[in-house]
């Protein structure tokens, strides 16, 4: 198979096993799921899909793994007891898992997650990762039973565990971080990709240096292996964190994009209502990933189907808003990092607007996880002693970075003028930030 | 209104009049028409739409016009009798016309043109330009009757004439070439844009130099004004022609892309069959642009609608091929510039394959117009005498460029092996190029 | 004259007056002054000169001015009483001043500033700006006396004042900030240019948005006009500040680059010693800009002359180090933002190393001005009230940014091993950051 | 050692052996030899050196070799009898040879070649390759005698043979083509690099595809192995040839750049005259590479030394022209591809101008080798039969490409007006192209 041309990474190579996965309808379905939902309403170029992103994640994770393997062979072999064959298997598992990590996405990616059903086991809504992990079971025939090739005995069960994070040992936990952590191939890819298609430089950072300074270290406190950045990559890691911040404020949390996330979610709810429900399916929610029929029904939802239904005039009030591009407008917003006063003030504005409020958007719901963890930086040299320091201790910029917890209040086009008048009339600081 | 961010040209500015046009549903519909049809099957990044391209054409045409105005003021004012106000009006007309030149496109752009109905007047099929010109009449309310602003008295009639090329005078003919000629803003934009989203360098050329050497000259043979390139831009013009050639061979005429053009056209025919026909609508063809009801029905066809129908399982045999991505495969091709022997040989292969032939693709149908006209180069200096020479006389590369007239024979996946066997068994040169 | 091709901004246009300035030997001399001194020892691509940078600054300042003029016409005309002609003159003055702002640089740009003589008037060393301002007087013949063209009566005196910041009125002060402020065309250009030639993305930011949100506002506290960023450009301004930070840590303050700054300064001192001194010239210092003979002698120092002398074997011990590329090595460094303990520790290390210390580099000397001023952001809308807020109040990232005050201790290759042993042997925290 | 950051290829990795070579004074000398001589007089960004280019060639050749090894393992092992160890050695030799292939360049690269001495053996002037090959002998201590590492027994003799093309067998001949052929790593690198620093797109082509379609084939006519391009890379190869053509016309053969090549050559002749001659050194020529003393004297000539001498006022009439940037101007030129009439006409103009002619530049001297050889394209598939076809048979563009044989006549600034008058007065076609 010819390598696939990618606008970010050049050519991406695939072996035969991976090609079969690419050709599977569930993977091809990713061609019908836009990466950035309705962001094209703001940045017309933002039409790329999860298909190219998934290839990119696999490619980047491979580069990261190879660099780690090259630079940390001693730790991998001596501390973690890997053989060369074992490491080859790890890479194969990482690649497949990266390819498949997003196949569970619903139409318009994250925008669909509002409508995920509640899991009976956990009492919480499913997320797209749950669907991805379950979807893997639908691919058993091309994953498990391959007689002619060396697939290292990797099974759908291995991949599900990798995707779920229910990995059997420390080593696996380490590798899972290549797919999901503060510094994972997922983010590494999408920041660059989204920037490219939109035509902005916000998400660019020093990929080459980041990859080349990625390493494995043993955390002295837990004795567990961790992915870390060598000291020489400190500023590359800083640049990566800043790229995430810039893309969040300029793209992912753009006020108009967020309005369409809302409109889509509401329109999608109508679309679900307009179709017959499966037995057991919750009202206004997607089918759950708890049995095969339901899973298959879920996967029939794609951007294409939604676009077709919207074009037929379906989707209710919000469907019409999307078609006519008359989105709700922001009439009030707190500062990006609001203090208590700001928050109270926003509350007050909401109360005065009453039923004129279209919806209220809270940044923390999408972004608040940002500062949970930190990137460990490996200091010292191999000859002397080495130790890990969190990036935020070494970088005043990263340390200064606060969660964006902005609250925005939107109203419909019809209510706009009146809402603005009400806000103007409020005593105190007027229009917010 | 804030300028629109464009990945190719940076910010694109619009005045209020233009914004109203952008906001019109017929223009917003361009967000639902992909520029490159199904090219994403080969190059996953190729998902951009006619919406961003149309803005780009307007922007580039403006740059071209401004450069010409700056450098050729004497000709424009003395030979063509333009006033400053007249030139301002010309620019306004060019901008609106560029914005609107593609609104007539059917779903998946050119791929739909196979299914255009026959015009009773001409006996030939309509093209997307005819629809564009007629569509303008649906926008009269925002174009003709604007009291508060200076729109220079431009009417939908003016725009239609500009789009149709039925321009009233030599000056207008000149300006129309900014939109449609060997060196027009349309091509200037799409080569760069398509390259960018795909991630290839094939379509890049020296835009800055091309624009800065564009000029107006009086053709001594006809005494008419023509757009020409100053001699200093000769190699930039050459580079532009070569970019077109490279993009044609590598992207627009890519063998897999062409297969999907075929499959889409056939699937679209089925989709038309599956919907009720309008009175007077030809079977298997789109509604004609000859009355308002029919025009409106035509415009309800968008990529979104088609994607939705395909996702529902419609579109017949070829719809299924698109969904399953099991496209017909090329089993035989002539050289790109075939000689008589090659052509006969292809004919012979066709005959032997008989009903195994899926379809035959002929490059000349999309590309043969390439060499019709030439770019005039202005030689000499203002002080002495000036004369126009066609680029192909000055450039051995352009002169050597032959029309790509390749013929390719495709068969279905099922027939592939047998077809290859038949071809192998033929006496003579075997597999073609 | 043909426009000049620039790798950052495309074509840069010049009028005849400006072309004459470009062609003046003092401006051509900038072709012989590298922008980044010896940074090519780390990043081989860093060989670009002040010549292209100066053109770039002129170009960017023009874009900034034009955007401000377009968006703030009312303030400029009503509050600041500018006429259209007056604004045209301002632009002409800005352009010439930007062109000339760096002509005072000595060989290897900033690296030469250590050897500037002491001014008798101020008791402090001259800086390159003083030389630039004086150099303008050497260009009177092409600046002041131009009969055939409209140069708006601009004289060398006007330019000197602009460069010195001794501007006659508030308006001029405003425009001077386009050349010298937190957000000036100088930085705007060099961040992009240095990034490009080096091949890193650190210095990239959203130039288009930055320029398009630049505006003039009246500061309510002082009633004076200020350059500000509209609220929509807040994150572009943030990105610009971050680009400066990243370029500082990764390029301008790179540990090896700083070593060569030191070696060059020492070698240059030897070169000055090896040449006959002018009457009045301080030992080991460049000729002062206090009389024409001295100024002319100063301008004979260029990179070319220095390179030629170094190649002849001159420049003493440090010249030899440069030739052999055996630079001093960093053996100890504090954290980038050191606390009191760190600083004391560095002091202690110095004392123990004694005469083994090659030199001590203190970041604050080049960078500490960074946080002095702030970028004002214009909030609110024209209809309601508007107010200025410093960027650092609105951006937690900018607010968190601390001055890099790192101290680094370097030793010669010969002393390296022993120095490392001494440092290892010190009780306490060992090797620093 | 840390990898070196390169603006074209990202990070370039080096092993210890290669690092020692990089650190050798003869290699560091390449930092003082500009890649494009005085091209910065036209494109100010063109200041990069042979140092970064040499690293780039090594890097690209490695990519090419690795791709060939991967795709043609069967031919390499079965037809050419290579073992894995043998191929590792080949790569090591290719890398070192690429690194060193340009160390023989004189000041300002090709511009110095006019002044190469005549070889007693061949009766023809030496070229820079001869110097490169001899220079290797000066590096014996770091190349031949390395006990602790695996350098595969590679000696300076092996490298000399590789550089000279006096290779012992067919296999070596094959690999030498990676460094020197129609499609070699040298050109592959410099087209991209020169484009980047200048800021033009002329030299860009599809590097990834070119590398990935490079292969080894057995030429059926000679039974010898050749480097070829797979059919899928046909248009990438075409793009590469066109990039060379565009860079030639726009950069390497730019009329002003060529003037400085001439002025430099003349000034350099004066500089040689102003220095004491070595025994045996030809007047007005560089020292020959025929003994060590002479070779060492040659290598003392660098851009730095020349720039220093020019800045001191040396270099005669042409040195002054360079300093004052008053280059000779083109007053007459034939078409790029002149016919017999054009050539006669140019001759006639020369005669009429008499001693007013500054110099005559003939493109063929630099470029005519362009069309000598051709790139073989591998057609057919492995299963059936394969055959080689020259690219020019498959590509009408490449086939149409004619040698640029333009002749240009230059005169000095002082003679310009009169020369133009003389040419105007000539009967017939006037000013040429």
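Every chain is named by a letter (A, B, C and D) in the order it is written, and numbering of its residues begins at 1.
Methods note: contacts are C-beta pairs under 8 Å (C-beta built on N, C-alpha and C of every residue); 3 or more make two chains touch, one makes a residue touch a chain.
None of the values given here were measured: they were computed from a predicted structure.
Trainee: Which chain maximises the distance between its CA centroid and that of chain B?
Mentor: Greatest centre separation from chain B goes to chain C.
Trainee: Does B-C or A-B have more contacting C-beta pairs?
Mentor: Answer by contact count: A-B.
Trainee: With chain centres taken as the means of their Cα atoms, state the distance from chain A to chain C in Å.
Mentor: Their C-alpha centroids are separated by 40 Å.
Trainee: Measuring from the mean C-alpha position of chain B to the mean C-alpha position of chain C, what distance in angstrom results?
Mentor: 48
Trainee: Roughly how many whole angstrom separate the Cα centroids of chain A and chain B?
Mentor: 36
Trainee: Residues of chain D that contact two or more other chains, please.
Mentor: In chain D, the residues touching two or more other chains are 10, 200.
Trainee: Flag every residue of chain A that touches chain B in the complex, lowest number first.
Mentor: For chain A paired with chain B, touching residues are 4-8, 10, 23, 25, 28, 31-32, 40, 42-45, 47-49, 51-52, 55, 196-200, 300, 302-312, 323-325.
Trainee: How about chain A: which of its residues touch chain C in the complex?
Mentor: Listed in rising order, the residues of chain A that touch chain C are 200-202, 204-206, 235, 238-239, 242, 245-246, 249-250, 335-337, 379-381, 384-385, 394-402, 424, 430-431, 433.
Trainee: Could you list, by residue number, the parts of chain B that touch chain C in their complex?
Mentor: Within the complex, chain B contacts chain C at residues 2-3, 5, 10-11, 208-209, 212, 232.
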